[in-house]
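Both complexes below contain subunit A, partnered by subunit B and then by subunit C.
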Partner chain A sequence: MLRFIIWRLIHVVPVLLGVSFVVFSILYLIPGDIATTLLSMFYTEERAAMLREQLGLDRPMFVQYGRWLWAALHGDLGQSLMMRMPVMTVLLDKTGNSLILTGASLLIVIPVSFLMGTASAARFRKPFDRFTVFFSLLLASMPVFWLGIALLYLFGVRIPLFPMSGMYNMANPGGILDLLHHLFLPAVTTAATSVAIVTRVTRGAMLDTLSQPYILAARSRGLPGSRVIYRHGVRNILPTFSNMIGLQIGYLFGSAIFSEIIFNWPGIGLQLYQSILHRDLTMVQGCVLAVAIIFVLGNMLADIIVYALDTTRK
Partner chain B sequence: MGRTGAEPQRWDATSPARSGDAVLSVERLRTYFDTPAGVVKAVDDVSFSLNRGDILAIVGESGSGKSVTAQSIMKLVAMPPGRYASGQVVLDGIDLLSQSERALGAIRGKRISMIFQNPRAALNPAFTVSTLMVETLRRHDSSLSRAEAVKRAAALLRAVDFPDPERVAASYPHQMSGGMCQRVGVALSMACEPEVLIADEPTTALDVLVQATILLLLKRAHAERGLSIILITHDFGVLRALATRVIVMYAGQIQEQGRVDDVLANPQHPYTKALIQAVPDPDSTDQRLHQIEGQPPDLLNLPAGCSFADRCAFVMPKCRSERPELYEAAAGTDVRCHLFGPEASAHQ
Partner chain C sequence: MATGRIRKSKASKRSRRSVETERARSTLYFIWRGIRNDPYGMAGALIILVLVICALFAPYIAPYDPQYADPRLRLRGPGTEGHILGLDQQGRDILSRLIYGSRYSLIAGVTPVVLGGLISIPLGTIAAYYERVGYFIMRSMDVLFAFPMVLLAITLSFFMGPGLGNLIIALVVVLIPYNTRVVYVQALAQKEQGYIEAARADATSDFKILFVEMLPHVVSASVVYSMTIVGTIVVTAAGLSFLGLGVQPPTPEWGIMTSDGRTVLHIAPHVSTLPGVAIFLMVTGFNLLGDSLRDALDPKTRLVRAGAR
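Then we have the complex of A and B:
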């Protein structure tokens, strides 16, 4: 087990290196000149050339990448062009907020999709199963930005149960309860699509498991239906389920970008959106890198859990 | 009829009298499946009884309804799409088909148990042998402590000839060979000392040597404990070696039933004759293997008359229009064929 964890950790290194290179080169390759952007109205040929030399923009790409990577490894992702602050400082702050939102969505996705998926498979083609299939199709068909706005309108404007935006009540910050109150709508919005997908996959995996001979064999030994389903059946979908959830961590982070913008949640998504609008390239770079790293780590975590659950590898 | 000369090596069962007391009787069982294409009559009006201490074989080709019959007996057919259109399965005076799932839970594995065709697939890959055995033992005896159950499991594993029961108990199915898995399957089915065992093609997935050890285990359980067995098979060697009575199924119906000796030596139904002829005979000088021409009928669209009529060498006009009943063709042998109907015998 420990060996697998170490082995898996080692494998993260080349993946992250690749990610960092892709993130760096995308921004290197996109049209537009940083020096021009920075100088804006003060632009002259000489000033631009000087600034390029100063920032090392005249060096070959790989040299630039190497310098950027070396600095990044030391926690320095450069200055935000817009905020005149170290990118790292902003990222650490925003990543925490995004993790709160993603974590809350995950806490919705895991129990809801697990229970609905397994219970509907156990009631194959019965009313609850039909409802689940319909409901998950409905959820999956609603884009995050549409659902977010709809929920905001319904429960923020028409029936003002929840606050419209932000993480805390600015006038009267109320600690954890205030946070949860603000968290509810964005978390539900972020979770919706994942709930639909994971429910469907869980249901499918469970139906497949329940049609296996060992389930028939368990019934033939007199085990009650509930035990057959929730012990003999569920135990065999746990690896599939964990894998799905691992993938969803990255996916939720992606959905969170939309809900952060709609609900004005001060996370990486909102930051990314604003940085793109302001052509704050170093910040965009930092945000994309942070999202990618979280995606990779989420998958690593899922792999380790799947390994721990898989009896055939012991 | 090449095989009649070979002396069958059969277990000497304790006088399987035809009039003996039935431990299990199946009456007018109809198991249908509702599919989008229509109703599949997988088991269509099957009646038979299993006498105490008897080994009854059900033979037939794939799709003849023998496995569904086996699963129907324990009410294990998935509903939907399956349903029991009619019938009773009576075990010691109780009709199993009318029992609730809860009541059946106390009977399955305890009084009637089953072993399966694919031994590894029948064991849950997520659990060790010990977990499965302890779970089954304690399911039917709640007073049994975990430690006692573990001990009992070891004894059961030793009874199926594992020299190292502790090691096997700690194994997962994928760590064992197919034969080992099936021995575990036998041990699991014997765990609560049932009266009736249903063995659904227990040796089909195994190589010949391992087949012999599994058959030996079944014989032993039969001899030592007076276990009554329903043996589903399509292997005439297995049939010869083990069974005392045989039922030949085709298209969801019993075509012939009788003592194994009689049916093998002197098959009455044209289908049984063709089936036995199709068994390759090593002593035969024939170069060609015999086969039954044509295909089994579509269970969605059974013919109005005899379901074997299209492939039968003795087909008569009546066979196309009228479905035959089971008629007594010889002492102790019933046959579903117009050749043995009341009119036919009147002509003779």
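Then we have the complex of A and C:
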């Protein structure tokens, strides 16, 4: 176990290095002078000269990368031109909010898809199973941004059950309950696609398990149906299920970008969108790097959990 | 009796032939048979067929020019006379814009998948065949995997700039790691097969082994994967336009229309939600079709279908 954790930790290092290189070099995709592009509407001769000096633009690319990485490791990702603040400060401010949203949607995905998947497999070809198959099919095809807008219209405008934007009530911030109230719609929006996908996979895995000979053996020994399903069936799909959940983390981060924008959730996704609109390049770079790092670490964590849960290994 | 016996022998002959032809029959046959027997797949094929017709004959089907605006009828809802689906905030006919929009979503959904496949198939095969090169290739893929799909697409299309061409390039890059891994896994399994060893013992050139012997066995896995991913790519492409990347206004693109309509959501919800319905329809079509094709081509599910389902 410990060996696996250490191996997995070591494995993260080259990936993160690669990620940082991609994020760094992406600025160079833009044709033309980088200082000019970076400053865009804030361009003055003197600012450009300062930036060139700061980035070492006259040096070879690898030297520039080294400098950038060194600064990044020390928490310096440059200045946001639009917000006139260090990128790092803004990111630290927003990361927590994004984690709350993604975490909440993960907490929706896990129980809902597990229950729906196993229950529908247990009721194979019964109305509930047909409903689940059909429902997850529709849900899997819904664009996140559209689902968000539809929910916003239905439960924000038409039947104003939930607030339309933000994290807290501005006039009257009310702690955790207020947060949950604001969190509900964006979290559901973020979770939707993943719920559909995981439900389908869970149902498939459960059907596979239930067709195994040992299930038949348990049934013929006279064990009650529920016991067969929940003790003998469910246990065997846990590795598949947890693996699937691990794979969903990326989807959740992607979907979260859209629901943050639609519900005005002050996270990295919304920041990324605003920075894109204002062509604030350093900020965009920072947001991308932040999400990628969280994603890599999240994947690592998921791998370790899957490994710990997988009892068939021994 | 005699005729019966003859008939029987004829039947057995036919069935034996059908077993033989089963192997020889093309992938296309399996695809067709799979879809024909699957109502879901049939529904998907129908949806896509309708959308393709819309895209091809948009000028003949659409009642108005997608850019023609009648400011007097701005924001009128569905059911307005002459405008079945209503009008947007500039007074443009939504149905006509949706019909034209199918072009962009189809192109942005299908082209990257095809191009991505064309790059991934040789890339994955080479990675599996040459271990050292493969190590390098697959580690680079790991780096691309470190970005959530949507985030990578956003990043690339932002830094490359707007336009349908750049959007497609971004989506191709996003797809490559996924498709390459599918090909790689398949090619690794093929590499251990006897026929590759035989070819090597025969002093066949590497080039021939790779592209004549291995490739045909690898392609179907990639095609199946590609079929199931088209829907996701359609959503991603529309999502990028929704964010203001990729295709630019006033193009009647579904993602742009959804995004534009957000400002009038509380007074005219149809402007923003109808294009979403169109995206949803197209994605459903592709997903149904993709699932059906996967089931039709996957021998394992073919058995499952015969038995359990």
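Descriptive notes on the structure:
Note that in this section the second predicted complex is superposed on the first by the 292 of 314 C-alpha atoms of A that agree within 3 Å, B and C clash if a C-alpha of one lies under 4 Å from a C-alpha of the other, contacts with A are read in each partner's own complex, and residues count from 1 in each chain.
FYI, a residue touches a chain if its C-beta (ideal position, glycine included) is under 8 Å from a C-beta of that chain, and two chains touch if they have at least 3 such contacts.
Keep in mind that what you see is a predicted model, and the values were worked out from it rather than measured.
By the touch criterion defined above, A:86 lies against neither subunit B nor subunit C after alignment on the C-alpha atoms of chain A.
Applying the stated contact rule after C-alpha superposition, one finds that A:219 touches subunit B and leaves subunit C untouched. Residue contacts after overlaying the shared chain place A:232 against subunit B, while subunit C stays out of touching range.
Greater residue coverage of subunit A by touch, when subunit B is weighed against subunit C, goes to C.
Applying the stated contact rule after C-alpha superposition, one finds that A:78 touches neither subunit B nor subunit C. By the touch criterion defined above, A:149 lies against subunit C but remains apart from subunit B after alignment on the C-alpha atoms of chain A. Contacts from subunit A toward subunit C in the complex involve residues 14-16, 18-19, 21-23, 26-27, 29-30, 137-138, 140-146, 149-150, 152-153, 157, 207, 211, 250-251, 253-255, 257-258, 261-262, 272-273, 276-277, 284, 288, 291-292, 295-296. Taken together, the subunit C residues at the contact with subunit A in this complex read 40, 139-140, 142-144, 146-151, 154-156, 158-161, 231, 235, 238-239, 242-245, 255, 258-259, 262, 265-266, 269, 272-273, 276-277, 279-280, 283-284, 287-288, 308. For subunit B in complex with subunit A, the residues that touch the partner chain are 71, 74, 76, 80, 101-102, 104-110, 113-114, 116-118, 121-127, 135-136, 139-140, 172, 174, 185, 188, 191. Every residue of subunit A that touches subunit B in the complex is listed here, in rising order: 125, 212-214, 216-225, 232, 235-236, 311-312, 314.
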